[in-house]
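Pasting a structure here, questions to come.
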Amino acid sequence: MIPIGPVIRLYHIVKSYGDRDALRDVSVTVDKGEMVYITGPSGAGKSTLLKLLYGAELPSSGKMLIGGVDVSKLDRHSLPTLRRNMGVVFQDFKLLPRRTVGQNVAMALEVIGAAEEQVRRRVPAVLNIVGLRGREDDAAGVLSGGEKQRVAIARAIVNDPPILLADEPTGNVDGAMAVEVMEILQAINLRGTTVLVATHDVGLMDRFPYRRLRLVDGKLVAGAAPRARA
Amino acid sequence: MIGVVRRAARGIREHLYLFFVATGVVAAALVLLGTFALVVVNLQGLVAGWQQDVHVSAYFQPSLGVEDWAEAKSAIAGRVEVDAVSLVSPEEAAAWMTERMPEVSEVVGELGPSALPASLEITLRAEHRGAEAVDAFAESLSASGRFAEVDYGREWVGRAGSFLELLGMLGVALGVIIAVAALFLVGNTINLVVLARRDELEILRLVGATDGYILGPFVVEGVAQGLLGALAALGCLQAVHRGLLVQLDDILPLAFGAESLHFLPAGLVLALGLGGVLIGALPAWVAGRRFLARLP
Amino acid sequence: MIGVVRRAARGIREHLYLFFVATGVVAAALVLLGTFALVVVNLQGLVAGWQQDVHVSAYFQPSLGVEDWAEAKSAIAGRVEVDAVSLVSPEEAAAWMTERMPEVSEVVGELGPSALPASLEITLRAEHRGAEAVDAFAESLSASGRFAEVDYGREWVGRAGSFLELLGMLGVALGVIIAVAALFLVGNTINLVVLARRDELEILRLVGATDGYILGPFVVEGVAQGLLGALAALGCLQAVHRGLLVQLDDILPLAFGAESLHFLPAGLVLALGLGGVLIGALPAWVAGRRFLARLP
Amino acid sequence: MIPIGPVIRLYHIVKSYGDRDALRDVSVTVDKGEMVYITGPSGAGKSTLLKLLYGAELPSSGKMLIGGVDVSKLDRHSLPTLRRNMGVVFQDFKLLPRRTVGQNVAMALEVIGAAEEQVRRRVPAVLNIVGLRGREDDAAGVLSGGEKQRVAIARAIVNDPPILLADEPTGNVDGAMAVEVMEILQAINLRGTTVLVATHDVGLMDRFPYRRLRLVDGKLVAGAAPRARA
């Protein structure tokens, strides 16, 4: 893993909802190929930070560059391009309950126009990685919480995105499975993907030590810059 | 292209209830429009049939003779307004009168065959059967000086004509009301369908689908809804038409003469089909786009 | 009770869009039904008006005199079918003929005032103006032996009567079609509304709400939708009615004589309101219950 | 806490979905006033067990008594009564996103016909307990994951139910908050409420030691009976 310059740069980002500030003056740099935690207590702004990165929200002020592109004022027609270059594990999964596990995962390949043959090959492969081999044809809606979470992870990694954002990807799985999930993310990171993981599992962060961006009440209190430069 | 259709088919399978609701609403809208068209087409035919009864009778001056009559007949037959002209000789007039008005037949008989004047019975072309056109035509005949009297059931012409005009206006008014209601109903339904599928649209957008990718199958589903709805509507309309024919079998000959109920002309059937596709696909596109525009 | 209404009000506020869609659909359905009723009521009035032109003319035997005429008149005036009878003396008949048929006026003039027979002009009550009733009535007059001839424009009676019958049938057929379509459309919409609010129903049920607790405000909202929809529909219908009045100002007198367009009678207006409440509340209740029954 | 006999009794409960068995021959007794963990890996059947208890699913076979009532074949008209005597923290929260936090919590009081005055008193009190004082008027849909979870907890406890079922109530909150949540559940248990908590947080279970029902692949492998009797 050779850092080759920043891929994500945030300058003085503020995000307010009415009179509540979810993020206050956050400036962060993430290098290409880095793996970074976003941590902090409930309501600190972790998910909000990720939402800004995948364009679900626009910052109230400040500037945001992803791969050199200013995404702080991206119009909605450029968003799909940004999102095709990102895998996102949503905190609430965002699966389609009536589609099968396989179809939910395939979705991320279909929207980028992947060939059918590639879909047939990749989908079972990633389901195998997250331990859901054989569940391909079950409706996503009937899965257990932890199973849904793993489908969400499978969908986020199926098209080998350059950037992976994971919002509490181990919140619904037991300790052993959480370690497995972290190992999956680590393996992806080792292949060159930039990985941002929002989590509050201190044990896990201790076991897999990477830089921690710590948010408290919307303020970044630690980990603003890559370790080498800090 | 094949991908869009396949995804549309999947969308239909996954939301079969929604698909059939939307199709049913399109069908209901088209049945309302079609029934309306059916009624208008037939009533217009009916009243136009009545209007054919409009004749202008022009009674010659007693001083004119057979040759004058023939000359006048051919002159009038040449006019653009005129469909047909027939000459009624005094003998024919007497015969007609005897038949229609038995109470005066004796009187007519006593006076001998030439007591009644000869006349021309003139039928006008459909375009010239309006009250004003007939007025003008009759005026011009009177002005020619050949005729002692020009008669044309002014009252009846006016009544049928204004009834036709009334039907036309009612037709436009009702047509507009029904069309607006139909569009409103279909539009609402599609909006609700989009609402029921909002998660799907939102999630597709979040994993990087473009608006086009999301809307494509939506519009294809709309086309399918429209086509199926139009077919169902035509089936219903045929059934209504048949049902009315059976019910009205004994009434129709009296009201229409020899005529019968028409089904919609081919042009209107085609319009119904196209209309179905349009009111199926267009609101799907509009509602989908509007919903997507609100998503980040 | 107050709780139900308050929760219904909250439901409306939270789902304002859904509320207005449902209200709009109820209104559209009622506008369609109401417009239809408006047209039927007015066309029936119109044709019934035409039927008033149905007179029976009974020409006395020449052998009878003034006293016989008067006696026959009062006898006939006493019959249930009869609305009015007037005596037309030979002089009046001659005057009428001179006016209406100028071409024979000379002939009539030559023959003197008593050449034409005296007659009774009989107007029948509305219930007895059907073709068969008039036939029977005329037959009975003929059978009395007093009259040389009984005349009543058989063709016209038949035509107006069967047109009225046709309108009646069309009215029933169209009414059924429109009512079915309206129910279907409102039912569908409410179903979709329930679908859009499925999470709410499911969660209420999970925290221990009874079906009644959940359905109560739903039905109250349905009543509100129905009432508001009916009001909106009445407004639209009034506007349509006014619009038609303005448009048809110059046509109406011709087609209707002195008559004018009627608005819906009070009974129908009330029916519209009640119908609105019914098609607002009933489907809400049915759809809500059906959805709840599927929840554990 | 004096155990005064079993309040929940499960005899040979089986729950199958098609050919998948979510629960296989589970027999369990829970005493009145007890606090019990339901644990096991992702997909082991924890949520399914709770769903049977609150009547969202019927068992495929076996018998289930709650407070002496046979609920294994309860018809749907008796369910509301059962549920009014239970507080449930759902794994996916089941909040109404467009209603405010206060309204979501008040819901559990309103369905049992509580007086308005009681609603005005209790709702802020429980929101205070879960650390959401002042968020009463925010729409539930805009909350962070952990905040939503705490609203769900507040709703479950607001009407002091005799039985409390909590499905992974700490999955979306950080360590400190998880301890707080456990302390809340403990306090409620100490007031006499029977509490069942599905969780896979071993650290938490070690810190708050209660009986653990351990499910693996739908089979109960430990903790079938209360400790005193086991």
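Labels A, B, C and D are assigned to the chains in the order they are written; within every chain, residues are numbered from 1.
Note that in this section a contact is a pair of C-beta atoms (placed from the backbone, for glycine too) under 8 Å apart; a residue touches a chain by one contact, two chains touch by 3 or more.
Source: prediction; values computed, not measured.
Shared contact partners of chain A and chain B: not a single chain qualifies. If you average the CA atoms of chain A and of chain C, the two centres end up 68 Å from each other. Taking each chain's centre as the mean of its C-alpha atoms, chain A lies 30 Å from chain D. The centroid of the Cα atoms in chain B and the matching centroid in chain C are 22 Å apart. Looking at chain B, no residue sits in touch with two or more other chains.
A ring topology is adopted by the chain contact network, closed into one cycle in which each chain touches exactly two others. You'll find the chains touch as A-B, A-D, B-C, C-D. Residue ranges of chain B in contact with chain C, taken from their complex: 18, 21, 24-25, 28, 31-32, 35, 39, 59, 97, 102-104, 107-108, 111, 115-117, 119, 131, 148-149, 158-159, 161-163, 165-166, 169-170, 173-174, 177-178, 181, 184-185, 188-189, 191-193, 195-196, 240, 243-244, 247-248, 251-252, 254-255. Residues of chain A that touch chain D in their complex: 17, 39-43, 46-48, 91-92, 142-147, 149-150, 167-168, 171-177, 200-203. On the chain A side of its complex with chain B, the touching residues are 54-58, 76-77, 79-84, 86, 88, 90, 94-96, 98-99, 107-108, 110-112, 155. The touching residues of chain C, when paired with chain D in their complex, are 3, 7, 14, 199-200, 202-211, 213, 293, 295-296.
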